[in-house]
Amino acid sequence: MSELKAFTSANHPTRRWRKIKDRLIETVLFLAACSSVFVTMGIVYVLVSESLPFFENVSFTEFLTGREWTPMFSDAKFGIRPLVAGTFMATFIAVCVAIPLGTIVSAYLSEYLKPSAREILKPVLELLAAVPSVVYGYFALLFVTPMLQKIMPNLGGFSILSAGIVMGIMIIPYVSSLSEDAMGAVPAHLREASAALGSTKFQTTLRVVIPSAFSGISSAYVLGISRALGETMVVAIAAGMQPNLTLDPSEPAATITAFIVQVSLGDLPHGSIGYQSIYVAGLTLLVLTLIFNILGMWIKNQIQEKE
Amino acid sequence: MEQSMVQTQTARLLREPMSDVDIARNLKWRRMKNFMFSVVGLLTLLFAICTLLALFIDLAMTGVPRISAEFFTNFPSRFPEKAGILSAWVGSLAVMITTAVVAIPIGVAAGIYLEEYAPKNFFTKIIELNIINLAGVPSITFGLMALGLFVYKFKFGQSILTAGMTLGLLVLPIVIVTTREAIRTIPNSIREASFGLGASHWQTIQHHVLPYSSGGILTGVIISLSRAIGETAPLITIGALTFIAFLPTAPVSDVFPYVSFQWLHDAFTVMPIQMFNWVSRPQQEFHVNAAATGTVLLVMTLLMNGVAIYIRYRFRRRMKW
Amino acid sequence: MSPQFEIPTTSTTKFNLGVQSDFLRSQVKNLSFSYNPKDKLVLKNVSLPIFDKKVTALIGPSGCGKTTLLRCFNRMHDLYNEVSYDGEILLYPESKNILSRDVDPMEVRMRIGMVFQKPNPFPKTIYENVAYGLRVRGIKKKSYMDEKIELSLQQAGLWTEVKDRLHAQATSLSGGQQQRLCIARALVTDPEILLLDEPTSALDPISTSHIEELIVELKKDVTILIVTHNLHQAARCSDYTAFMYLGDLIEYGPSNLIFTNPSDKRTENYITGRFG
């Protein structure tokens, strides 16, 4: 009893120790939380500092306007456009697959399925995103491409088209999962109000649920597109690694990521122009992703403001 | 006066919009569209699931006949029928362990801080925004960062340590986000009850918050490791070799001090890189090896995800606040 | 000859049908309902007449099944699984059983409007909210819609307040205005019956009195069925009142009679405030 009383006094050593311990733990936890900021700073620092020497050798205009990217050749050319074009084309095809299919699936999951069925099917669908991307690369090269070749006989062994399609399937869960969450969060009373006015489930989904959830759905789209922009292995395996400024999806072409992989596979002395070129490519990719995310956030804010 | 005018107008308009025939036709057409969408939705869902099945079956049909005990105990080789994935699976295991050691403590600690301690201020906002954005950064960028920082600046070399740290940082946002979600489901009344009995903040976390959210945290950890095990691009970027015919140094030995961490500094390869290497070769026989590796990889990721789903399901049923 | 309400032989309800000069618009026949087949019944063998262009109030303590009964009229339960029900709700003049599996719930909802407990405007403009019912019916003619929307906003007593900002967000309205908007939204499609589920429970006294006046005004055009917790409200604006208790319909009759001279002890206890 007396011990208990002593413990309540502020100067009791156990109690003081407890206070110090609490502060200590909080500091450690705080540092852990800051780690993510350090990582971001590390990424930006390394990408920028390793790319800067590149621009001592190559003019910025050549980098942006050149139509060829052959940094490893003896007659090196440093125009980023073929890589950016390849990246955009692969992303565009992936988005054309993932956004319509992902949205339909999420609406179906959220509005048409019983909760018990949804509970099972949603995780199954999410497994699509869990499959390693190198496996998707195999699938694109040795399953989808031969299948597409039956429809399009002049399609080569490597093509942006099949890589893009497989990438699209791969990111369906990114689109559908977040969209479904957003649709599920639409309050039931809005659905009831719509149903009470005699609308079909389809009309309720199209006119009430999707518009109400659009802010969340647009985040899902942005995430899916970011994934497609940064996806590496599928394009590295199935699209060939030849930088190629073309708008024809049936041709092989390299994306920024595929180029980085290709160069990394070889021997890469620190400070060589090849080493610098992958950092420039990486920085370009990061900037593109960032611009895209900011654009997405801006569009989302515009929509929210209108509401 | 105005009211009566409204009344007569109402009377005029009341009957106008639709006759019974119109209603029937309108209903039929609308129901038709609704039905068509439910068919389209079902087909799309089936398409996605069938793709998953096709991928699995295609891989297994080619790969499973190749899987044998030797496949796991042989090093890679120039002769496809002699090649195995010994160095790859050992490398994957070693990298996974390092990844877990990096990602779990930092991720869980960060999650706890953000949910339990973080004041609502500008800096916290920055951290939160940063975590969201980090999750969207292309994985290959982490590889570039690690190459510049860990390999060349800190001189860790192209080693298991570098690989584990790279993947650890890559999956950090997943661990943080799932930890936070798990902690958020614990109602405040539990914390209040604990504080009310005189527990300190950390005691409350240690005795209540962490145990009650452990299922959710575990789910996040497994999901993040299953993501890490399939990652290829960042490891290629840091210079993981594609042809390794030796194993890392054993962690235990019979000479003092018996335990060795030399393996952390050894060169390595992992299963996805081995698969990439084989699938990039023109010979059909190596594609079979790739399929076999892919099957192993796929089974492992699906298993891990299955376990995670199961844990989440169990915990959600058990924990009803 | 209009249909007559016949008191079912199995009913334990005390009926007082008053002067039988009112036309029957609908009637509930032996309706039983449960949310889960294994669960207890929420409605037990309820029978009830609904007279045309009259206000019928459903009163009773929480959990007595009055909201469940109201939602049956709109087949709202079809949105959720696992409910089971038995019995009929007949809609006149064609005496169609709207609970029948062969009847499309959407057809029912096109004929019967509903206003919910909490105002639930869509996150769209005021105009679009009211227009929604017309749009789902495939009506596109702008002039017709404009006219119809103005009319129903007038009927709901909201027109003068919103006519200058029809394209403002509905969520910018006050709670009372939102609820009147929801009434306008339900009225625009000329429902034969309007269901009101505690329409004023989330509102302040002034908005409440607005809506009560509105109810009295509206019954010239439309049959109204209202669930309310507020006994004064039931007394003020209803013509008939049904008192429910634990899933049973205890007593039904003209409101003035129920409130002044109830024939069942439980009704009397409830309206005098001894429980509920």
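Brief remarks on what is shown
Chains here go by letter, A, B and C, matching the order in which they are written, and residues are numbered from 1 within each.
Here is the rule we use: contacts are C-beta pairs under 8 Å (C-beta built on N, C-alpha and C of every residue); 3 or more make two chains touch, one makes a residue touch a chain.
Keep in mind that this is a model prediction, so the values were computed, not measured.
The chain with its Cα centroid farthest from the Cα centroid of subunit B is C.
Counted by C-beta pairs in contact, the busier of B-C and A-C is A-C.
Separation between the centroids of subunit A and subunit B, computed from CA atoms only, is 13 Å.
Centres computed as Cα averages put subunit A at a distance of 50 Å from subunit C.
Under the contact definition stated at the top, the residues of subunit B that touch 2 or more other chains are 30-31. Among the residues of subunit A, those touching two or more other chains are numbered 199-200, 203.
Touching of two or more other chains is recorded for residues 106-107, 110, 136-137, 189 of subunit C. Residue ranges of subunit B in contact with subunit C, taken from their complex: 6-7, 9-10, 13-14, 16-18, 23, 26-27, 29-31.
Within the complex formed with subunit A, the residues of subunit C that make contact are 74, 76, 79, 81, 105-107, 109-110, 113-114, 116, 118, 120-124, 132-133, 135-137, 169, 171, 182, 185-186, 189.
The touching residues of subunit A, when paired with subunit B in their complex, are 18-19, 21-22, 25-26, 28-30, 32-37, 39-40, 42-43, 46-47, 49-50, 101, 104-105, 107-109, 112, 121, 123-128, 130-139, 141-143, 169, 172, 199-203, 205, 222-223, 226-227, 229-233, 236-237, 257, 260-261, 264-265, 268, 270, 278-279, 282, 285-286, 289, 293.
Contact residues of subunit A toward subunit C in the complex are 114-115, 187, 189-200, 203, 207-208, 211-212, 307. Chain contact summary for the complex, subunit C toward subunit B: residues 104, 106-107, 110, 134, 136-139, 144, 147-148, 151, 154-155, 189-190, 220-221.
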